[in-house]
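Next up is a structure, given as structure tokens.
Should a chain be cited, it is by its letter among A, B, C and D, assigned in written order, with residues numbered from 1 in that chain.
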Amino acid sequence: MTTTAQRLLVVENLSVSLPAARGEVRVVDRVSLSLERGRTLALVGESGSGKSMLCRAIMGLLPGGARRTGSGRVVFAGRDLGALLERELNRIRGREIGVVLQDPLSSLNPVLTIGRQIAETLRYHLGFSSARARERSIELLRAVGIPRPEERLACHPHQLSGGMRQRVAIAMALSCDPQLLITDEPTTALDVTIQAEILNLLGRLQKERNMAMILVTHDLWVAAGMAHDTAVMYAGRIVEQAPTGELFARMRMPYTKALFDAIPRVDDPPHTNLKAIGGTPPDLAALPPGCRFAPRCPRVQTRCRAEEPPLVANDREDHRYACWFPYPSEDSP
Amino acid sequence: MGRKRGAAFWLPLAWITFVVLCAISASWLPVPSPDQIDWDNLAVKPGVAGHLLGTDTLGRDIASRLLFGARVSLIVGFLAPCIGLVLGCFAGVIAGFYRGLAEKLIVGAIDTFLAFPRLVFLLVFIFVLGASLSNLTIALGILTAPSFARVARANTIRFAGREFVLAAKAIGAGDVAIILREILPNVLAPMLVYMLLVMGFVIVAEGGLGFLGLSVPSPTPSWGGMIAEGREALDETPHVSMIPTAVMFLTVLSVNLIGDRLRGQVDGRESQL
Amino acid sequence: MGFFWGKFVHLVVVVLAVTAVTFVMLDLLPADVAHEVAGQSATSRDVAAVRQELGLNDSVAARYGRWLAGAARGDLGTSLVTRQPVGEAIASHLPVTLELLLLAQLFALALAIPAGIVSAWRAESPIDRALGSAAFGLISVPSFALAIVLIYFFSLRLKWFPAIGFTPLSEGAWPNIRGMILPAVSVALVEFASLMRVLRGDMIATLREEFILFARAKGLPTWRILLRHALRPSSFTMLTLLGLHIGNLIGGAVIIETIFALPGIGRLLVSSIFSQDYPMVQGCVLIITVGYVAVNFLVDICYGLLDPRVRKEGSVG
Amino acid sequence: MSDRSLQQNEPLLRVIDLLVEFPAVRGQKVHAVSGVNFSLARGETLGLVGESGCGKSSLARAIMQLPRPTSGRVILDGEDLTTVDPVRLRILRSRFQMIFQDPVASFNPFRSVGESIGAPLRTLWGVDEDERTRRVREMMEAVGLDSDQYYRRRPFQLSGGQCQRAGIARALMTEPRLLVCDEPVSSLDVSVQAQIINLLREVKGRYGLSMLFISHDLGVVRNISDRVAVMYLGRLCEVAPCAALYAAPVHPYTNALLAAIPRPDPERPLPEGGFLPGELPSAIEPPSGCRFRTRCPRAQASCSEVQPELREIAPGHLVACHYPLLFGS
């Protein structure tokens, strides 16, 4: 068992609120997780589950209006990020924590060349000369599999394809050798063949550099193929978390199973009726009392509508779920 | 719908209403005629000898001249943008919907018109057809049409690319039906808000013409003309210029504030899409 | 290059169209030029002779063609009133207008860019609200009304600047600038307001873009993000507006020129129209239109410099 | 009787040599769809898969005559939609309808959802308002929308899934025979996506529809289709019954697509190396011969010279490749 000091990232009881028409809405609600070097954690959830907001809260880059509430902490490499000044945070962001965002076209500045955008991080954080930054940029672009990197430096983002742009964004995130890489839906905007390439690349880089990685995705299968651990989020809360193999072998929380069953699979025969989740995704401004998934849950009972289940480990130390009436542990999907 | 509008909306609205009511009832209000000269009280300060806002250098009652001048400013300020809206909307929607040659021609015409020195157009128009309230309104209306056309075209292109227009085509709706039922209602909302901004511009433009003595022929007063007349004696009797300046400023400010607030709401509706 | 030539052809067409329309419009004016030129005591024979001499018996098209041919050679004709060559008159009035225009734009931009950046960065803060309200007030003041107020305070009360009049540069740079400051500020304050509002709006939109989030995630300091990442992609609408302002000002500063008694193009134009000095009007219109179109052409070129995505290939859905 | 049986055997939709080109800069042309042939039987669902930029949306719009294709024929029920006069086309439009990718944007924000659903009845058949409202309410209930609650709502007041239900209701109002679905679930969350797919399957059975179902998601296409067509850069590569295509893809591109799907198996990591080397070529200057050859692992010299046509290699299994992945070869 590792102690807090050894873990690279520890998030404790983190909550984020957004102002809404009817008071404040908690988009992230009392989330705790931890991550060690060399491990990948997948955050899985549908839109509005709070997974992206959680990442932005970790980086201290919440959008206008959103703010952290409660007594939550984000401890990165022994430092409480919430207690740091913006200037000190800037020394960590980009240098120790790298980020890759969803849409590679909109995450690169359209009016600056690729070369300038990579070099500026190197020059600002590491104080490289422009010649050295250029050299290093070429190395980085080569490392993410971009052919003829010397020529690409003078390109603007719109001159590259979607896959290439995402490779460039990854190169930028890696420029200062970060210890943690946060990737927010890195392949959602890409085609399936490109997605596979980018996931491959991320997996390889993560192993080579022994980075910790957070992979945000709405696709359970991407998580399954990439992550050591998987956390499933629903309506701002983590509802189930386990090592990926364990999670897929024994889904305890009904939402995880329902999400899994709703995906059409290439292995199923055609015209299989999909097990859709009934009802509509929750309105965060009007959450039900008790379990948030209760209104859509096939196993719902009276207790679920009254008491909110805590996220706890019951029969396995590393498998936590928030459910009063979980599927039995021998049941596998 | 219960939206928060606040004082920045209601105060301007109250002022505009006040000005409109004054302009309508100017003939019945107990003020001297705007061209009646009070020889004993030339350029007196506000409140002297029964002149609520004083008199100008010719001894004419400023309050009265403001009231009658308001008619000119408001009529021109309201009707000219209406003319511009109708002309511009027509040209802009046609250009944005059909693209191709029609668009090239209309955009070319708009560009030419915008490059045309406005003053030459106004002066020649008024020289040829005579200086009157209606000619002034028409001239300023035509002058605002190109910018309306630009806004209409941009919005039409934006909406014509949306899937709901494609959906209408898929059920066999004709061009006229699509323009009238699908595009126009959506384009009109931003256009009407834009019209409020243009109203402010037109009131200023009319003031400018009045300042040059090119607005409605005397003896009808105009706000711009009043500011110009007071300029001669700015040092001794600043109020002759400053009072109409203030009234004009408040009116334009009110129109702009209302327009700005409404634009925020239209944009807000858009962002929900 | 095709883009450049297309724009250039467009430019020439617009200039031709505007001057032709002016020609026709002036032809509609209900005045007999020959009468004016021949003078009060002229007999009808004299008038006819003048008419013949000026070629007024020809059709509008023929006269326009002749004027165009002259203009192409640099000959814009002679003033009917002063008998001065039109080109000469314009050359003497143009520098005043250009100086006013340049000073006004410098003032406006020098205020608008920092103010726009600050209020976008600190959107909805007290400083943004203060700047926004100031801008809103300024937008609602006609520049001539502002000029009157400025004259009242700074010339008549404080006596810092002359109220009216133009001092040529030959009599010293400071007297020349000093006389220009109030007119330029009257124009600049109104323009500053609209430029600032546009820059603020675009900048707020840009700051919401994902690439700004990405830049912040790279740990770059705020000033660097604002100036290097956000300003350039946010300045297109401001640039367009600047072009329109300059274009309109070339011919539209009449009122300011009148108030401050500056001998610029605008005043020359108005007095020519009043005295029905057609060659002069025609010359002024030509200069103003060419100026307007050229400024817009420059703006288009600036777009290309600011944004590398000038032209994109059509994509298949 | 023979007439009727003939009609029964005849496919509902036949697309012949369909060509869609539109102008690009400097007088060039975008070759969005280049010579596509396929047919769709009555009651059948054909899935069309391909990556972005392959021309699948252009193909859908060409079939819908929005606008009419550059050349080629689209024969619905024996009538060529590309040559019928506009009046006839308008009448025929009630028989083929479309469902759009962005459900919210496919409704006019200015009007209530109920009104928009009833629009086809008004435009095509001139049904009066009372009758329209009644039929719209019926249809809304049929697609699982509470008509009392949602009839008067504006599209942006509905969730994506609800809007797509409304989109399906609108498409069904005129009792069409063909439904063209252009990425109908790609903007929806997984849990809602499953609801919509199930609904589409249900209404297809209930109303006896044929469907052309376009998607980039191979799992979704497999679930709903009888046959699948794979498209690459404006051409069809492979057309086959669903089970056969997924079990044994024959075209190298289909193979790469299937291999790229992430599997829920951490023990079996994604294969190393790129699935498709290089970049998608430009649709303005597509490669000569086989358009896939620039990224194909099996490409030979002849692939750049001769354009492969779709040929039948097994019953109902068509492939356009000179060197297909055949068993035993």
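As a convention for this text, a residue touches a chain if its C-beta (ideal position, glycine included) is under 8 Å from a C-beta of that chain, and two chains touch if they have at least 3 such contacts.
Everything numeric here is computed off the predicted structure, so don't read it as measured data.
Counted as hops between touching chains, the shortest connection from subunit B to subunit D is 1. With B-C and A-C as the two chain pairs, more C-beta contacts join B-C. Our note on geometry: subunit A versus subunit C, Cα centroid distance of 53 Å, whole angstroms. Subunit B and subunit C have Cα centroids lying 22 Å from one another.
Counting partner chains per residue, subunit B has no residue touching two or more of them. Listing the residues of subunit C that touch subunit A in their complex gives 123, 208-211, 213-222, 224, 228-229, 232-233, 306-309, 312.
Chain contact summary for the complex, subunit D toward subunit A: residues 51-52, 159, 161-162, 189-195, 197-198, 201, 216-220, 222-226, 242-243, 246, 256-267, 269-270, 272-276, 279-280. If you check the complex, the residues on subunit B that touch subunit D are 162-164, 166-173, 177, 181-182, 185-186, 269, 272-273.
Residue ranges on subunit C touching subunit B, taken from their complex, read 10, 13-15, 17-18, 21-22, 25-26, 28-30, 136-137, 139-142, 144-145, 148-149, 151-152, 156, 247-248, 251-252, 254-255, 258-259, 266, 269-270, 273, 281, 284-285, 288-289, 292-293, 296. Touching subunit C in their complex are the following residues of subunit A: 56, 59, 61, 63-64, 86-87, 89-95, 97-99, 101-103, 106-112, 120-121, 124-125, 156, 158-159, 169, 172.
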